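One structure is given below, represented as structure tokens, and several questions about it will come after.
The letters A, B, C and D name the chains in turn, as written, and every chain counts its residues from 1.
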């Protein structure tokens, strides 16, 4: 805290500081004479200083607050000269407002001494307002001249967020364009992820051992895209279990996700021609409480000892509890999540892990649906653009050109 | 079966037992590893050291029992420091489940250890709802937003509050915080309006986010997690919960590293055999 | 009708929310806020439906005397107790000192934090079996974990004063870099999935 | 006081031990604790959401004459049509409303809260000073590592081409970064986990058994 003060004194306008100090001494001396007190005390005790009158502040501008709903006005004023003459005499500034010049002014807010701006956040768009600012001391207050009228205006676009808007438009357009391309061109190439073989292997082993497959689709409901991505993988897993005649157990956190899973699995059983083997009761609601759910699933693992555990979707602190309990029961474990904080635990404790975006890509790739694959292609192009953007940004910065960075600025 | 073979099939329950022992033993047999005091903790200590006697310190209990292992030790250490320096303490909180924690802390330190008098040396206003709005009003008029204390006593009957009316009568605010409402509100709605000294204690997860506020001077001190609390305990020269906890932490961390080394040793031996 | 109207709702609501987040003007902002409040309100019904489902499935289990049905009685009893004490004095029933809060502090809270603290055990067992230097990648993982662990506790500082500094550097640079890369990918995956759902291309969530 | 009176401490301690017994093996005590937990938490959340969201946001305003709130309440009640086979499709109305609002918000949040600041943060620290030695050495190295790390991790998540040649090399580096990050995060969270266990053990030894102060 000491440093800024030093810097202030070192500033070129040292003269003003000196002059002010001189004024201060004079004023203090006058006060001392009037009140008959010791000079040394005078400049530091505001109670004494209150016996002379405060000079009023002066309003400089009334402006509409930019980029808002049109419900606020920025007020700026010149500080009362008293503040620099007798520090501590003014305690705060009150901002007063009236709907017309001759109606009564009411207080809308206050700021501590030394502050010269205030945003009045309670105005009606396009309505005129008049303002005064009062400097308030311990026993007296002085009101500035009236200023006005000021208006607040609605804005239809938040200009500070232009960079965000551009990137939203860019990514959305890329995805949509490549979905269209995929519709016309048919299937596109997508790198094969090693997890596909792992899925088959895990279900195959469960069948051999005559144990069931446990599928957990995470803590979130269908409004989390990860849960929906998990569904496309579930469709493939269910096809396999239907094929092999292995039981598929799905405890759910949310009722909506539960009915979605039921529908997905039912369709898969239908596709491989075994609709009779579908058992809706294997897909059931457990609880929406995080650790209540963990306690329940751990119980299932220990009692039924499923041979393959899938954890695909959004996971939180329970990730490692699942993975370690599953390991003790000897299950092959396949995980995938876009929750960055939980990835380390899955990577360490599971046999295969889909990292972040791979969760989304795996579903698309497994379904073989050209539309989904097309949107993955769109994501890839976006990544390529990010790559170029970053490289270009760094290179330009080294030449002192900053606009690529400025575009991304959000205040 | 060789040793390596047997170790590689080590029952996990022995690992669990080892963890329980590593965390428990230091509770009974402290190791007392030296704890380096970091600057943000020392800063807060110095500020409290420099306060004039009988100055008022406000401690805001903005956490619930799940934050208690990390934040309660810090609360105790700060209370101890305040009473040692003969300061007056005003306790309140913006988290309803935190009230019992504040009461417990005062009982332990103010009553049992320092035998201070309630209403004269310290007061407890319990849970105060309203978040940001409450803080704005608090700075303006303490009596208006704290009409009765946690036991239902009117504020007029608490002698300590006779000269505590607004922000300018409070020498220091310390927000013990694990989320919202908490330190953010104290910074944005209290400190921004009324200035005055403000410090915070945070959980280990939350602490890194507050370093920038230290640089700008909005915070005059920061206690991060159990480690920060242990540092403060060292400064006030007590062996509190956090100091014991840090021994447990050291033991548990070393145990894990030991298991990693053991695991790799087994792995290496098995690979060599093949 | 069964498909067209829902698809229209999601399209209109999705596009409206997306576009209007850039429009600060008051009438639009007010409507937006209203929709967000409705959203929170409707979401709460998801939980009510869940609670209902839970009660129903356990009641059925007791009726059919399925496996572990005795435990379901305990579950229903505690659910009932909690609901009763949550409502019996109106809004005041969740204030401090009420039975509802006693149950929260002394039953739910210890269960929850104990369950959470199991992680301390699992972190250790996972480190023992999984942190093995099978290849260079695994070695990186292992070394990073060990260095960071040493940098966090007094015993690490006692071994070498530099551990905290190295810890901070790893957290701030290589760790931040990889997380940033993952996040950028995840954002794209999320946007593309959300967009497909809004446009009605992805409709697997509809039963 | 809520947390120290006799019988309640015993209940909390017994439940704590019941959960820990699971570490030895599954047993009836754990099962009892498990079912209590599921029951009580379901009740807690229903009550919590009712008094904190549904009641103040929907029903109270409705009682005060804000009749527009009939729409969300109606949509919410439609959730229960799911219980009957013939009306189950009506769930689509509240579901698509919720999805529309939530997905729209999520797209903007992903770009504004994550994508744009992350992109910016990658190259904003660069200046001539960073590369040509006026900044602190390890900080300069750090920024370069950060840049390489972000770019190579991006390459790792490239799905439309096989990872060969330039992409292959980039992805390899990306994997190393991922592994360091995962290891680091793992090590970093150990402390918080141990704190939780310490908290529980301390509760048992001090509040329940009183063997330590």
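Here is the rule we go by: a contact is a pair of C-beta atoms (placed from the backbone, for glycine too) under 8 Å apart; a residue touches a chain by one contact, two chains touch by 3 or more.
The model shown is predicted, which means the values in this text are computed figures rather than measured ones.
Trainee: Identify the chains in contact with chain A as well as chain B, in label order.
Mentor: C, D
Trainee: Specify the chain pair with the maximum number of C-beta contact pairs.
Mentor: C-D
Trainee: When the C-alpha atoms of chain B and chain C are each averaged to a single point, how far apart are the two points in Å?
Mentor: 26
Trainee: Quick check: how many Å separate the C-alpha centres of chain C and chain D?
Mentor: 4
Trainee: Can you check how far apart chain A and chain D are, centre to centre, with Cα atoms defining each centre and the answer in Å?
Mentor: About 13 Å, centre to centre.
Trainee: What are the residues of chain B that contact at least two other chains?
Mentor: 12, 16, 19-20, 23, 65, 99-100, 227, 249, 252-253, 256 - these are the residues of chain B that touch more than one other chain.
Trainee: Where in chain A do residues touch at least two different other chains?
Mentor: 161, 164, 168, 171-172, 222, 225, 255-256, 259, 286-288, 291, 295, 343, 345, 347-348, 355-357, 361, 376, 379, 383, 386
Trainee: On chain C, where are the residues touching two or more other chains?
Mentor: Residue numbers touching two or more other chains: 18, 46-47, 49-51, 54, 96, 101, 104-105, 109, 111-113, 115-116, 118-121, 123, 125, 127, 129, 131, 141-142, 145-146, 149, 152-153, 179, 182-185, 190-191, 194-195, 197, 205-207.
Trainee: Tell me the shape of the graph of touching chains, choosing from line, ring, star, complete and other.
Mentor: Graph shape, chains as nodes and touching pairs as edges: complete.
Trainee: Would you mind writing out the residues of chain A in touch with chain D in their complex?
Mentor: Those residues of chain A that touch chain D are 161, 163-164, 167-168, 171-172, 188-191, 222-223, 225, 255-256, 259, 286-289, 291-293, 295-296, 298-299, 302-303, 341, 343-345, 347-348, 355-358, 361, 365, 376-377, 379-380, 383-384, 386-387, 389-391, 393-394, 397-398, 400, 404-405, 408-410.
Trainee: Residue numbers of chain B touching chain C in their complex, please.
Mentor: Counting only chain B, the residues touching chain C are 10, 12, 15-16, 18-20, 23, 33-36, 65-66, 96-97, 99-100, 127, 227, 246, 249-250, 252-257, 259-260, 262-264, 267.
Trainee: Which of the residues in chain C end up touching chain D in this complex?
Mentor: Going through chain C, the ones touching chain D are 2, 5-7, 9-18, 21, 34-52, 54, 68, 71-72, 74-83, 86-87, 91, 94, 96-97, 100-121, 123, 127, 136-138, 140-149, 152-153, 169-185, 187, 190-191, 194-195, 197-198, 205-207.
Trainee: Provide the residue numbers of chain B that touch chain A in the complex, in ascending order.
Mentor: 12, 193-195, 217
Trainee: Flag every residue of chain A that touches chain C in the complex, lowest number first.
Mentor: Residues of chain A touching chain C: 67-71, 125, 154-158, 161, 164-165, 168, 171-172, 175-176, 179, 221-222, 225-226, 228-229, 231-232, 235, 254-256, 258-260, 262-264, 284-288, 291, 294-295, 317, 320-321, 323-324, 327, 338, 340, 343, 345, 347-349, 355-357, 359-361, 371-372, 375-376, 378-379, 382-383, 386.
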